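There are two complexes below, and they share chain A, which is joined by chain B in the first and by chain C in the second.
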Partner chain A sequence: MTFVTQLSQKAWIWSFVGMFMVWLATAVYTGGKGSADVISAALSFATFTVIVGIGQMFVITTGPGNVDLSIPSTISLSGAVAMKIMDGSNGMLVVGFAISMACGLAVGLFNYTLIRVLRIPPIIATLSSSFLILSTAIAYGRGLKIKPPPLLAEFTTAQILGVPVLAIVIIMFAAVMSIVLHRTFYGRAVLAIGQNARAAWLAGINVERIRFMTYVLSALLAALCGFFLSGFSGGASLNMGQEYLLASIAVVVIGGTSVAGGKSNVPGIWGAAMFMFLLVTMLNTFGASAGIRLIMTGLIIVAVITIAGGEEA
Partner chain B sequence: MLKKALMGATLLAATLNGGLALADTSAKRIALSNNYAGNSWRQAMLASWDKVTSQAVADGVVAEAPAFTTAENQVTEQAAQIQNMILQGYDAIVINAASPDALNGAVKQACDAGIVVVSFDGIVTEPCAYRIAVDFKAMGKVEVEYLATRLDGGNLLEIRGLAGVFVDDEISAGIHEGVEENPQFEIVGSVHGDWAQDVAQKAVAGILPSLPEIAAVVTQGGDGYGAAQAFAAAGRPTPLIVMGNRYDEMLWWKEQKDANGYATMSVSIAPGVGTLAFWVAQMILDGKQVPQDLTVPFLTITQDTLEESLANTQPGGVANVEYSLEDAMAVVTGE
Partner chain C sequence: MNASQSHIVTLENVTKHFGAVRALGGVDLKVHAGECLGLVGHNGAGKSTLMNVLAGTLSPDHGILGIHGADLSGRYNVKAAGENGIRCVFQELSLCPNLTVAENARIFHPTLTGFGWKRRAGNMIREKLDEIFPGHGVHPDNVIGDLSIGKRQMVEIARAFTSTGAPLHLVILDEPTSSLDAVTSGQLLDFVRKVVNQGLSCILISHVLGEVLSYCDRIVVMKDGLVVETRPGADFTRDTLVAAMGNVVEQEEIEEHERREIQRGTTPIVVEARSDAQRDGAALVAHRGEIIGLAGLAGHGQTRMLLKVYDAAMRKRKSLKVDGPVALVAGDRQTDGIFHLWSISQNVGVRSLQSMIRHGLIDPDAEAALGRAWQARIKIRTPDMNDNILSLSGGNQQKALFARALASDAEIILMDDPMRGVDVGTKLEVYDLIREEAEKGRTFLWYTTETDELYNCDHTYVFRDGVIVADLPRDQLSEEKILHSSFKESA
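On to the complex of A and B.
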């Protein structure tokens, strides 16, 4: 009993409860047909949301007003540049990956420069940089769709016993990031800044350096997502990052991270990402029209957040 | 007298040499007001516009024909852009509009200023403007009619476009109308793929496990390759997937065709329709009679024309047709 009570106090548990219920509803509706395959598909697609969700989580944790809106365009830029450099050749994989990370690094540096040097609020800074980044991607790729190197395509779509390999990798990565958040100086500094930036500064934390690292981390993860996503979906496209703008924020919030900052967790991001995918799948399976689907998605998300954040408010 | 005769001779010569390129519009300026550039179709549209209009400028058909794209795909922004074009004194404005009715005010101002307005793809409803519209409903219906020639019937999966957009509703209505007339088909699932390959892949992968055997997939273009990948990932047999005009879709089709004789068709709107709008604007400035409402012909790719279309499309681009003045005249006269 105490275990259940303990569990119910964890903010992240609710995204998993929501995920399970939505999955169950789908399974009941279809009479159990393909229920295991749905989980496998959900793992595949949730992986990408989780990658950017983790970056977004660190940014949001640093306190009110901190959010990275340049994630979608960074995904597009990184994917487009990496695919073009590699040009479908396995031999160029390492180079392509390095270039992709360089894109992320550049975006992170640029974002932070806007925020710190020009003192632009993060929302505006990352939004305006996203226009510049997407324009760069357009100018560079002209909507070009180049197939990924076969090795990358295989790796991103490979499965072991129905479990996507990439999902396993990212689950392990999430575990590492969870340790980083709760057990390392950097992670604790992020939490401290989110709770009270001034107190954190007085306690001797180099607030600006931590913020700098956080924006760079978010951009790097967005670039990583772009790299894998282009491998997974057979090439980069200009609008491939589009749906990750709201998704990256939604999974963080549904996962039980406080929008006000200073309180966050990693497992919830996985639960929320799975939940979001299964929710759309459920409504598609029910044959709900687009209007009803959007309304239901909104209502269910509000419900989950309300329950998850209930004891907090 | 001599002067007149000379002029007449020059005119005659121009008519004979340049075919249809009359000199009358050589001082005219035509602007393109475009609301969005963030996908490969729009990129191809702008590239076609640039190619055809630079040639037209070089040939002295018009003085200039610059293209302007708004950054935000916002109605207010495009309205302001059109007002700027009025002030800059363009003779004609060609519009791919962000909204069918919200730009009507700005379009009316342009008409009142004596400017010819031609809208295409994203058309405007203001009566004074010319419209080059796409019969999206017929496009949807064509797909089902094609399926009827290939299959005895079966379950269909429908991939729709972007929810809430007029085009999506129209194509889908056409598909459903086609299914009504061909009751051997049944739509057992419907997802929104947003005309994007990755979104379609995600949506199809989600719904697929719960679906019975699928005989064919009806699409709206841009989503065919994603659907194929979702079927492959789920380990299900590849159904007949109606394709769009993207390079990746045609390339996949070609690979399948070579490997196992896979046959399908593709129906789409060529991005070069922008150049049709350009010539229509030029013809109106030239004093020709043009109906207020025109319909764009579809670009259909069949099993036989696939290789040719693929060869003419650059990797990452979309199958395209650019219009010449003669082609535009054929459309206008309905030939």
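On to the complex of A and C.
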């Protein structure tokens, strides 16, 4: 088997192919002007999508019906609370981070309680909990106009040779999560449950504990995203998580994770997140109106999923 | 039955490859009208592949496929099979689990339309069930997913024998009795004999050689993708049949086993469980190193008891005594066992992941080594343990599930009728393996629908309606006793 055919069988490769083609189209249109800057910007923005995408990937991998719709509101809550606690002071950074994680933990616990104890389907449970979470963020809303601590703002926007530092950190984090998925008991258990939860239980896997860990992980990553995002964009806002509802699911699927569960990969999330950003950039460059942009985005996502899905079958 | 009678099916030099694996290497097969043809061979000999070719679900690479004398090579498919009155009951059940029995029956019969089709389909399937399996206990409105594997098998079989439009000529039964208990198996085989005498043809694939020997007119033996023997059933004995399949018979086992028998109660109790419905306080008791049989008709609470023990061990419940880690060998492998996206090695290793962790991560070499070790030990027939689990034949998938449990750290092994679709040679090897492991101190709880297997057990509990009705030590075990207890009152 040649290297190329081997590569073409990897589910994640298609998101990178898409990313490269979109980038190339933009570069050709602009005559190569600013192509490097586009990549740099894409890395910056994709970073946040990747953080939540990884959490969503683990959730989706645990099988049909599992999805976390509370990610956007968790981002907002975590950002708002952290900003308020830190109040722009570098000295409070550690406390703010801890509180932000605590928000994530609380959301994860709450989601899982709804799913497990009250037996509400995950899609409904996380959707309804997202209203509660967002209401909490609104009630707490006085943190919204506060600037982030300078150190956090600096860190989240810092670049080395045009490459965002945060992106480097998250690329390394993604590598770690890829190892977690394929080489730890937890990761294997998630993949097993996604294929057949009953068989997983009968093969000695504590299915409920793994599902619990997965929903908590997703909420923690959403909280992490909220923390960094409010540093990056100079403060928290209530709707700052909004676009991550669709994005977190889209990057998982475009990245080659099976919606039926049991099969996923981390690299594809990076490719897909970059692809999504570059796609919008390309349409902007072409001067497409907002309506056209949305239509094209939808169609291209469908096309990528069809091509990638067709190769696997 | 003479050769001048018309041939329903004529296969000549049929080959089929899956990648590098040769499943069929030039098979000739004729099926006459009004005969029951037995097909035997080891796991992976190509029996199921051949039947898939006949059913039209697989098209052969080469060869001639004639039906009723007409050459249909290259034009044959599921639809053509249906039009020519050829039906197949597959080993992997093909009913839709979310539909009812009646709705599943309707799928085969496009002519059942208009008002009241569901009632008519329901009546049709119920009549057939009544005819084949009197006292079956299946209602046309039952959803398939709620039925036990044995009942699903009964529905599948009954459905294959229903007909509305095209007349039925040939019914292929691939391991039909593997999920049925002794009584329903007998009902089915008697029914097959009856319809064959009326002119229908049947192909019966079974690893229970006694069934093939006593019910088939002609027996075809397959080995490594080829037909190696074809003779009238009466010309075979059990020994010559096993020899034709290509393995040496080991008949010593039972006598030797009796010598091994340990004094019950000399080792500590590791499992003590009572079913919820049990009124008289009788409990299932297993001492360390014992092989305990769970017998009775299929679906009378044996699986529930195993799951109860499993649950108690996994959740560390105190309600019943289970002393030590447990592992389960699933019998319903599609629902309870296989991870269909994973390789054979991964499927074997999933229960032992904790022991493969080096420096905090699962060591792929350890996983591959475990897979190879068990491939050799339990003879999983595959060129590469990294191939997908579904590349294996049914019996070999079952071996992988055995390997999963035996390779684990479990001291108590629960077996939920685990020999479905496993060939005779492998069974004998697995029996030896089980006894060997029991001598090392492992305890086995073994639910089986095959009475012969109970002779491997030190002690047998017979179940009826979810409770233990008889408690038989090895020296008191007999088929009559088991049947008698299984039917008391209810018959």
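Note that the second predicted complex is superposed on the first by the 307 of 313 C-alpha atoms of A that agree within 3 Å, B and C clash if a C-alpha of one lies under 4 Å from a C-alpha of the other, contacts with A are read in each partner's own complex, and residues count from 1 in each chain.
The rule is short, and it goes like this: a contact is a pair of C-beta atoms (placed from the backbone, for glycine too) under 8 Å apart; a residue touches a chain by one contact, two chains touch by 3 or more.
From a predicted model like this one, the values you see are computed outputs, not experimental measurements.
The superposition on chain A brings chain B alongside chain C with room for both.
In the superposition on chain A, A:R116 contacts neither chain B nor chain C.
By the touch criterion defined above, A:K33 lies against chain B but remains apart from chain C after alignment on the C-alpha atoms of chain A.
Touch criterion not met for A:K10: it reaches neither chain B nor chain C. Touch criterion met: A:R183 reaches chain C, while chain B stays clear of it.
Between chain B and chain C, it is B that contacts the larger number of residues in chain A. By the touch criterion stated above, A:N196 is placed in contact with chain C alone, chain B being left untouched. Superposition on the common chain places the nearest Cα atoms of chain B and chain C 35 Å from each other. Residues 310, 314, 327-328, 330, 335-342, 350-351, 353-354, 357, 360-362, 364, 404, 408 of chain C touch chain A in their complex. The touching residues of chain B, counted against chain A in their complex, run 37-40, 43-44, 47, 71, 160, 163-164, 189-192, 196-199, 201-203, 205-211, 225-226, 229, 233-234, 246-248, 315-317.
Against chain B, the residues of chain A that register as touching in their complex are 26, 29-30, 33-38, 41-42, 44-45, 131, 134, 138, 141-147, 157, 229, 233-235, 237-240, 242-243, 277-278, 280-281, 284-285, 287, 290-291, 293-294. Residues of chain A touching chain C in their complex: 179, 183-185, 188, 191-192, 195-196, 198-206, 262-263.
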